[in-house]
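Accompanying notes for the structure given below.
Every chain is named by a letter (A, B and C) in the order it is written, and numbering of its residues begins at 1.
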Amino acid sequence: MYKFIKVSLCVLLLASTTACSKGEKNDFDPMETFGCDVLNVYNTGEYIGENTLSLFEETYNVKVNYSLFASNEMMYTKLMDNSQYDVLVPSDYMIERLISEEFLQPIDKDVITNMGAITPSIMNKDYDPGNVYSVPYFYGNVGIIYNTNNIDAADVEELGFNVFLEEKYKGQAYMYDSERDSFMVAFKALGYSMNTEDEAEIQAAYEWLLQVDENIEPAYVTDEVIDSIINEERDLAVVYSGDAAYMTSENENLAYYLPEGGTNLWFDAMVIPANAGCPSLANEFINFMLSYDVALDNSAYVGYTSSVEEVAQFLMSSEGDYFENNAYDARVDYEFDEVFVHNEVLKQKLADLWIKVKSK
Amino acid sequence: MKSFARLAYPYMFWISIFIVLPMLMIVFYAFSTQGNDVLTLQFTLDNFKRFFSDPIFPMVLYRSLKIAFMTTIICLAIGYPCAYLIAQMKEKDQTMMILLITLPMWINMLVRTYAWRGILMSTDLSSEIKVLIGMVYNFLPFMIIQIYTSLAKMDKSLLFAAHDLGANKIKTFLRITLPLSIPGVIAGITLVFLPAVSSFFIPILLGGGEYVLIGNLIENYFVASGDWNFGSAISLIMAVLIMASMFLTKKLDYGNKEG
Amino acid sequence: MMLNIKNYFKELNLKHKLFSKSYIIGTLLFFYLPIVYVVMFSFNESKSLTKFTGFSLKWYDKMLNDSTMLDAIYYTVVIAVIATIVSTIVGTIAAIGLSKSKKIVKELVLQVNNLPMMNPEIVTAIGLMLFFTSFSIKTGFMTLLLSHIAFCIPYVMLSVMPRLRQLDPNLAEAALDLGATPWQALTKVIVPLITPGIIAGALIAFTMSFDDFVISFFTTGPGVTNISIYVYTMYKRINPSINALSTLIIVVITIVLILVNAIPILKEKGRKKNVQIY
């Protein structure tokens, strides 16, 4: 049945050349080396190079079961059914949570020899000191993207996130539809820590968001923002750096700015669950992802900043896809930037407040 | 004939496992505090108090019921004539028409809704209208199929008889066609109203995020904030409310039949 | 009497033809407007889903090179077909049984039946996931299939019940009195009369299964992904390869529909030819 569908797809559209041809088999025996020949990877959708998985399958003669999730929280909920995955790619605060709940096993640094290729400044962060459990995959910031034709660059640079309070930009802006990101913007606009537990500061941030809602009537969006800003439907938004890198490369009127008051610095990293069925192959996979060619293919396709230093530098060089693209060049060691800390109580408080902001 | 009743027994077993049991878990969560661990369950009414203490939650529920109600009415208004006309066609054309109406639904809902986003993008409609268009588009086929089913292969001799007895067309429709189609209409209303109340992706994509409905609330509490207790409580409140109204509809239906 | 009927039809046809045609066409336009849009953007050159920049086939190429997506198509079709068949059979049998049950039993079961339709999918999804977890059932293809069958059956029953209610309750008894076995009464008398309801139920079940994301996401296991999971997890990186896939689905279904309609005609022609030859 599977073959039938695949064949009929190929027949229907002869546009493809590789889908119908099966890769050559080599002699490598994964059972002998790893004790298993199936790897279960769990990652966000469209977050891996086009040929990465097939290349890994061919090199090691294994089958990769690739599963997808839409958000860290969805992945976490899904993990409760005790499914066995070998490699996950969650974000910093989620890794912190998984470590504290003993969901993960330490990575094998003897196998992951490419670890040294990673940009040193993104290693050893608070979510996983010493990188015992995680290997960085992509990283970046959250910044402001704006259309230089309709938004005054001086306003953005002077006001930072407070530009969202400017009444003259009414109806021109998007806010990110997640309590995490929107409250981060509010906290940073007010000069607080984004991990604050101070009731007065939380209240102030809530009022800041209400003020934004009143002053500029933003649309609350997530994924649609990319298309809409490129098409110049609206002119101002908060976006992830990797998306901004793509957006600025698609429309030259767009500019990207990181507020001086600081913003969110985030990491997505590869981890191995404690119940993984095939940890040795998982370590091998992580090492494979860090090799130069694979990481290059991966980052060039996805558009997010590679954790492999040479790859990121190449992509930003005059030969690379992201030459003079300030969004790809993530800001790491800035004193006001922060990484999210896992805090269940705060999260629920913000979730309640966020619904109130949106329902107003 | 009662022997046929036994055919339902396996299904009763099935629903007690796949519907009742999961629902019981939701009830447990709704009446307990903190944590998703079954062992540490503690009885509480806090989740319900929380829902009713903040006007925002009942407001969202009211808004969801309102838009689901509007969706249902519009689907009925557009769907009934459509189903009626299809039922008048030649039998082969009927099948074709039903398939033509079902076919767009085999395109992923997100893809279809994205298309609507693109189409409605340049219009000045309010978020509420946009969400309504998306909802009607998504649920209308269900209404048409259900009503059509009750009208299809209707005993035509009844119509002729009515005509012979001097009834005009409107009278024939009101006295014969309409009452016969009532079960289909009820099924259609059920099939549109129930999912519409808790619809989730359409308000997100077409409402510009500021149009929060109860489905978004529940999803948000279950997944984004991991607060299963409150999420369960919200869905329980919603379920009770809707079941009560369904019960009333059923009552009306039976009243109709007996009257 | 015969004349009367003919006149009745003529009158009906003439007066309403124009109106009904335009009404049906209008409804179809509404249904197909977004579909045209989807097809159009499958040929878009850029990644945008809202701005057309030029013609290209690259999204088709991308789709066919994406083994995760091809796997997703396979699982979606297989699950939808099996779930539809099973839930249609089970749902029909249960509905027939229920229609002969005591009123209170019937009402209770039908109310419970409505629960999965009424609750947001996430509630059913988490419920099922907890259920599988607490019985240590490993999630994967089987749990996904079971879940799909579970949420499809209520739709089938909802479609079959109205048809059963229209049925003359004495029909089956009459058949039994005339010497039919219960099985014959069921298959020869009841089922043919409720066929439109069964077909409607099957259609809706197939649609629900084909389009389901939330329940599928939480009840599937490693490596088993359907089209909906694939689409929804693209998250902010949605691109026209999804439109390419949708276009392909439309093309395949259209071909199937044409074949289904053409085969009887061709057979007829063949028969006529045969007749002529002899």
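By definition in this document, contacts are C-beta pairs under 8 Å (C-beta built on N, C-alpha and C of every residue); 3 or more make two chains touch, one makes a residue touch a chain.
It should be emphasised that the depicted structure is a prediction, and the values quoted were computed from it without experimental measurement.
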Chain-level touch network, classified as line, ring, star, complete or other: complete
Most distant chain from chain C, judged by the mean position of its C-alpha atoms: A
Chain A-chain C separation of Cα centroids, rounded to whole Å: 36
Intercentroid distance (Cα basis), chain C paired with chain B, Å: 16
Chain B residues counted as touching two or more neighbouring chains: 117, 121, 222-223
Chain C residues counted as touching two or more neighbouring chains: 49-50, 126, 232, 238
Residues of chain A engaged with two or more neighbouring chains: 71, 74, 77, 80, 222
Contact set on chain C toward chain A in their complex: 46-51, 57, 60-62, 64-68, 70, 73-74, 77-78, 126, 129, 132-133, 136, 138-139, 217-218, 220-225, 229-230, 232-239, 248, 251-252
Complex interface listing, chain B residues touching chain A: 36, 54, 56, 59-60, 117, 121, 204-205, 208-210, 212, 217, 220-227
Residues of chain B that touch chain C when the two form their complex: 1-12, 14-15, 17-23, 25-26, 38, 78, 81-82, 85-86, 88, 92, 96-112, 114-119, 121, 137, 140-142, 145-146, 148-150, 152-153, 159-160, 163-164, 169, 180, 183-184, 186-187, 190-191, 194-195, 197-198, 200, 214-215, 218-219, 222-223, 228, 231-232, 235, 238-239, 242-243, 246-247, 250
Chain B partner contacts - residues on chain C that touch it in the complex: 1, 4-5, 8, 12, 16, 20, 23-24, 27-28, 30-35, 37-38, 41, 49-50, 90-91, 93-94, 96-102, 105, 107, 109, 111-124, 126-128, 130-131, 134, 146, 150, 153-155, 158-159, 161-163, 165-166, 169, 172-173, 176, 182, 186, 196-197, 199-200, 203-204, 206-207, 210-211, 213-214, 227-228, 231-232, 238, 242-243, 246, 249-250, 253-254, 257, 261
Complex interface listing, chain A residues touching chain B: 71, 73-74, 76-77, 80, 175, 177-179, 219-222, 224, 233, 344, 347-348, 351, 355-356, 358-359
